[in-house]
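Pasting the structures in now, so scroll down.
The two complexes that follow have chain A in common; it is paired with chain B in the first and with chain C in the second.
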Partner chain A sequence: MKEPGAKGITKEFIKSVTMVVLFLSTILLLYVFWENINPGQMNIRNLTEQESLHPVMTPAEVVAPDEIQLSYGDGSYGVITGNTRAYWWTPQDSGQGPTFTYGVGEFLQAQDIFVEEITRDQYQQVLALESLKSIFDDPLPLNLLCQAYGWDCPSATESIQQVSEIAYSFGSMESLFVKDGDRNLYYRIIGNGEKIEQSPFLSLYQRIALGSKVAYPLTLLLGEEEANPVLVPLPSEFPYVITTYTNERAAGGEDFEKSLAKTFFGATFDFTRIIQDAQGTTTYMYGYGQRVLVAGKEGTFRYKEEGAPTQEATLFYSLETALGFLSRHGGTQDPLGKVYDLHLSKIIRQSGPSAPTTFVFDLWEDSAIRYEGGALAITVSGNRVTAFTRDFHVPEKSQTQQFSAGDYTAVNVLATNHQQMGQVLMENGFFQDRKEETFLMVTKALESIRLEEIRFSKTEEGVGKIETCWCFFFEKDGKRLEMYYSIRDALPMGYTLR
Partner chain B sequence: MDWAKAKTIIIIALLLTNLFLIFTYGDFGIKDEPETFNRAALIQLLEERGVFIEGDIPEKPKDMELLSVEVIHGEEEDIQALLDSEGASELFWLPELWRKSSFLDIQEPGRKAAYLECARNFAMALGIGNPQEYPAEVIQIENQVKVIFENRYDGYPLERSVLTVVFQQGKITQGEMLWLVPVEYSRKKVAVTDPAVALLALVSNKEAEENWRVEEIRLVYWLGEDPEGLEDTVADTAFPAWCIRYNGGEKKYVNAAQF
Partner chain C sequence: MFCQKSFQNFIGKKLLAGLLTLTLLFGMFSFFSMSDVYGAEDPAVTVVNPLDGTTVYSSSLLISVKLTAPETIRVNLYKQVKNDSNGNPVALTFDEWSKVRSERTAIVSGTALVAEPAIQVLQGWVMEPVFFTSTGNLAFFTKKVENLSVGVYKVKIDTMGPGETVLYTTEHIVFLKEKTAQPVQANVFENSQTGTVSFLQNLLKSIFGR
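After this line comes the complex of A and B, so read on.
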């Protein structure tokens, strides 16, 4: 065979290079035509950008009671109103000790469980003994809790629809107690009797006792047995926090807004109409308005999507759908990189088989913050998210100091402001007329008194404050009203009708 | 195996593949699809429903980009300040024209060009770029002469983008500007509907007893129905739309982008 000369080697080299170039250009052409790309607008950033995903939260992670109460059995109580999650649920390997959900799960594993309805008095009597109780301001369906925490809920529990309180009493160790606040019904779930030393509730009780604040019933503080037995926290000292906050658009600028918008419309905003107005609002609209995201000047992001639900879905599945959607659209990370926990604060269900359900969430850190309006609301219709509102805050300056309740204990706030409270309650339809003395009317409607950090609504410029204050919760015929008072001077700071 | 021959065959195959891709999918300004409607049948159908086509029905165009535009509002006080500024008389007045009694007659030779040149000075002072690039129309209404500039992108008018320069007695006395400046176009092109689809959509929105004489149907860039107007808008995205002019200047817009 003839050996190739230098000329032949060069020719073969040129052929090899040509082959590689042609091969690469074929790939490129296929990509360009497949994606229908206008080559003039291509850049390397478009090719390398990928959708960022945040971890998908589970329903178990976002459900937590708003308050945990503990009865010492001697007329005194302990309350936890901050972040209750550590006592309610933790991942199994946390090693912190049993949680409330773990205790309930163990309890429901027993055979031959049955349910009986009890009276309000019976419920209150048994929980006045040594007991612990988790309270949900907005009742949750029992089957949602069963699915979220893997509780083996027997068919006997189907009669219980909503859970506004779930409790365990050492005065009746073979029972769990449930209050359905919506229907004003009380239940006793009877399982097997347990030895006290085996009960996970015992170690939980001890753990809660260490972390709770002392509280006494209003009946005891007023010396009137007929009064509302609502618990009044009486801490001698507590941390007073005041934080100013701004909004995400102000903190993260256009980059943050665009990165969030890209999760809805794609990295290159293909076929997306982008409208900016002089006030600072930007509207992103896909096509002729099938999908719209409005980035408000005050820093709130509102997304809406047209379309009919494709199938019916259970509440649990809808919640999973909402959380999956959140993970694809910014998660709970703020522009500064801080990742918050979520707390499911409200479920708004419209009637009808595939009617939309809105899940409203607050953001929780080490402490829990209560919101005038939620931080996040996700509406699910069938298996699709049709609306999404994100209203996160970004803390700016924060001050914390130990505060002594002094003259402005909850009872003093109540005594000072009961006339104003009565007026607000009347204006909001809690009473028609003043048949009784205002103080009596107000205390009767009281549902709870808490010392909490409240995120007050922001101004039009998108700034606001978070401040520790006294919160008085009123409820009547399913209507809830929260009123806030300064711990510094007992003056009213506003109210929210939920 | 003769590797040298194999390479030659692969090179030829790849070359043919590339050529096939380029000629099949490449955009050479050729119409994407043949006309999908029978023109005569369409006209008959429209006439039966009281829509009479007086102009031409354009052919279905190639795919188009979406257009990001900056919205520039000509504030009244800014325009007035410009007209009152030093040197305004040199740039925005036509004293020779004013001295002639026939200054309003724009049909006289060189008259339109004079108004247009003066209006271009004004347009340039307002910062709309090079006014030579924009088509303009000179019209006379009563004792005013108006020069109306239109903005286009890729040959298509940007609807609502308009600069009107008003002359009275040979000098610019007024200006109205809402100018859309294209700043970016979409990475992907969007398919455009056949004009027949737009005409049929028009028929479906028409009262049965009405008769419409369609004078013109043309493809434009359009910002969509916006009930609040563009008063506060500083940036927007224009989509292709069919603009149908009928019954002596009335206009209807039908979205033309197919997603």
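After this line comes the complex of A and C, so read on.
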């Protein structure tokens, strides 16, 4: 028998190594298949750049109602339309007292929870008593809220799809109330009930009462014939803010732009073309355009990524994906180092499985600023972010003064401008023809009246203003129109169709 | 002689009746001119809130006035008071106000035996008068008056003319009571489903879907 020589041993060794490599490749391919990973999208950068530079926000931190209303039970109300977060959710150690989400979480821990549909009249009657109500301009799915805040939502609540209002009334302490504005449905969630002194909503009610502006239903201010229960703020004094702003590109210069671009294309910009046009727009393009970042002249950053969605994802998971992406690409820090809070203002969902979902956010500080268009929009397809738009502002000069509405109360702005409002509503398809008096048509269509800080659109040069003004909200067939008026002279300042 | 005496009696009675009528008319005129009727109501002014004679269970009051013509109004709020035995103003009770109202009605209808109500109603100061000018054909004056005590209040709207002249006056009476005195409302969910029915319905929904 011939002893194997050195050559034979080497051959056997190569065979063994090949077997090991083939075995590992099989495992890798199985993993790729199992995770539904698109090999075309894989590159070395994906494996190296995924470190978070900024803290990852949780969905609980970015969801907050656009308005909180409080009924005193005597026909008068209190409203909070600024930054509602302190009343809605805070980390547990904040020491500020119970929040709305805490109260709901405690309520849902009851053993037997029932859900029944109630009428609009019942809903309005019970909330006309001493009560608290959180309002979301863009309804959110109940299961998203349950996941975000760890509410123990029982199966009985599955019939509730969207939450446009969630409320608690001291007139029915064993119940929570939910309005699904999209489907025009009203629900009563019945729990165990509790003693008033044990209810976390009691101290929350007192806290909100201290921080709210007085408001009255439009019916009470205008008379019964124009029946619309929308609340009209009637503050004797309020802070009037006017701020001029510039954009991030102008404030942070090329350094800021490059540092943001590096989070998308790597520090060395490998395989990335950088194209600058005469108007001042810079385009970063990876490969043949698989990934593109456009830094607009006016200071907006738009990023897009090609590729099919890899897998279906829940809304909650998509939101987490979006927030994770944000933490790796600039976070909410502006070029001057200021870090903003985020507020989820809108969710745009396209129909179909794995269809992209766009999350639109506003930036909140101590006060809340409403945007003509969001500050941040992140589109998620499956478990990937396919589009990202960043349009932050950088404040320059700001003035704040206490202001008295005087003659230009919200109802007088309405009375002065109802013809113009009617015209805009007609032009945008809210009315077909003028069947009745314009004032009645306008007041009936009103959804909300608020005193808010609005960031108006910037000019081509990327500058603009933020100003406190009267905002009138109208809604029809999923369309939302916001009209803005000066608190100083009641003149129209523009409108946004969302 | 008898004729002369009866004639004198007749003249005396006539004089007495005339004097009494004059006193009554003067009393009525002076009473209403002081407290209630200053002139006709302005057709361009509507007090939207509070409605006349309503009861508000609150310590605050919303005054809302609708104007449908360019004009200036003066808005005032008075608490209805009387002087006590020491001459100090005290709030009129709801019963006293009812009595005054019924006496006034009787005086106006001529069925009363007295010339003026037993209680003299005074206008207690609550706030400084507020002037509001409307420049268009539709405007609203709105004001919340806070920290009011229980009692009877009068909202008075004067339409101002040139100088300090008052062209029209509109008045509304409102009763302010404690919030706790509010009548208990019927249970909104009196006719709603029982827990068992809700439970079964939810169970069926969860099994078969909606």
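We take it that the second predicted complex is superposed on the first by the 444 of 498 C-alpha atoms of A that agree within 3 Å, B and C clash if a C-alpha of one lies under 4 Å from a C-alpha of the other, contacts with A are read in each partner's own complex, and residues count from 1 in each chain.
The rule is simple: a contact is a pair of C-beta atoms (placed from the backbone, for glycine too) under 8 Å apart; a residue touches a chain by one contact, two chains touch by 3 or more.
Fair warning: this is a prediction, and the values are worked out from it, not measured in the lab.
> Could you look at A:K338 and tell me whether it touches chain B, chain C, both or neither (first, second, both, neither)?
neither
> Just to be sure I read the superposition right, which of the two partners does A:L221 touch: chain B = first, chain C = second, or both, or neither?
Second partner only.
> After the superposition on A, what does A:F23 contact: first (chain B), second (chain C), both or neither?
A:F23: touches chain B, not chain C.
> Using the superposition on chain A described above, determine whether A:F114 touches chain B (first), chain C (second), both, or neither.
second
> Taking the superposition as given, does A:T409 touch the first partner, chain B, the second, chain C, both, or neither?
A:T409 sits against chain C, while chain B stays out of touch.
> For A:R349 in the superposed arrangement: first (chain B), second (chain C), both or neither?
neither
> Go through the superposed model and pick first if A:S155 touches only chain B, second if only chain C, both, or neither.
second
> I'd like to know which partner A:R183 touches here: chain B for first, chain C for second, both or neither.
A:R183 contacts neither chain B nor chain C.
> Residue by residue on chain A, keep only those touching chain B in one complex and chain C in the other, then list them.
None.
> Per the contact definition, I'd like the list of chain A residues that touch chain C in the complex.
Interface residues on the chain A side: 72-76, 112, 114-116, 118, 122, 125-126, 129, 155-156, 158-159, 171-172, 175, 188, 190, 214, 216, 220-223, 234, 236, 407, 409, 411-412, 415-416, 418, 439.
> Hey, which residues of chain B end up touching chain A in the complex?
Against chain A, the touching part of chain B is residues 4, 7-8, 10-11, 14-15, 17-18, 21-22, 25, 63, 65-66, 68, 185-190, 224, 232-237, 239, 255, 257, 259.
> State the interface residues of chain A toward chain B in the complex, per the touch definition above.
Result: residues 12, 15-16, 18-19, 22-23, 25-26, 29-30, 33, 35-38, 41-42, 46, 268-279, 286-288 of chain A touch chain B.
> Looking at the complex, which residues from chain C come into contact with chain A?
46, 48-49, 56-58, 60, 62, 64, 66, 132-133, 136, 138-140, 142, 144, 179, 182, 185, 188-189, 192-193, 195, 198-199, 201-202, 205-206, 210
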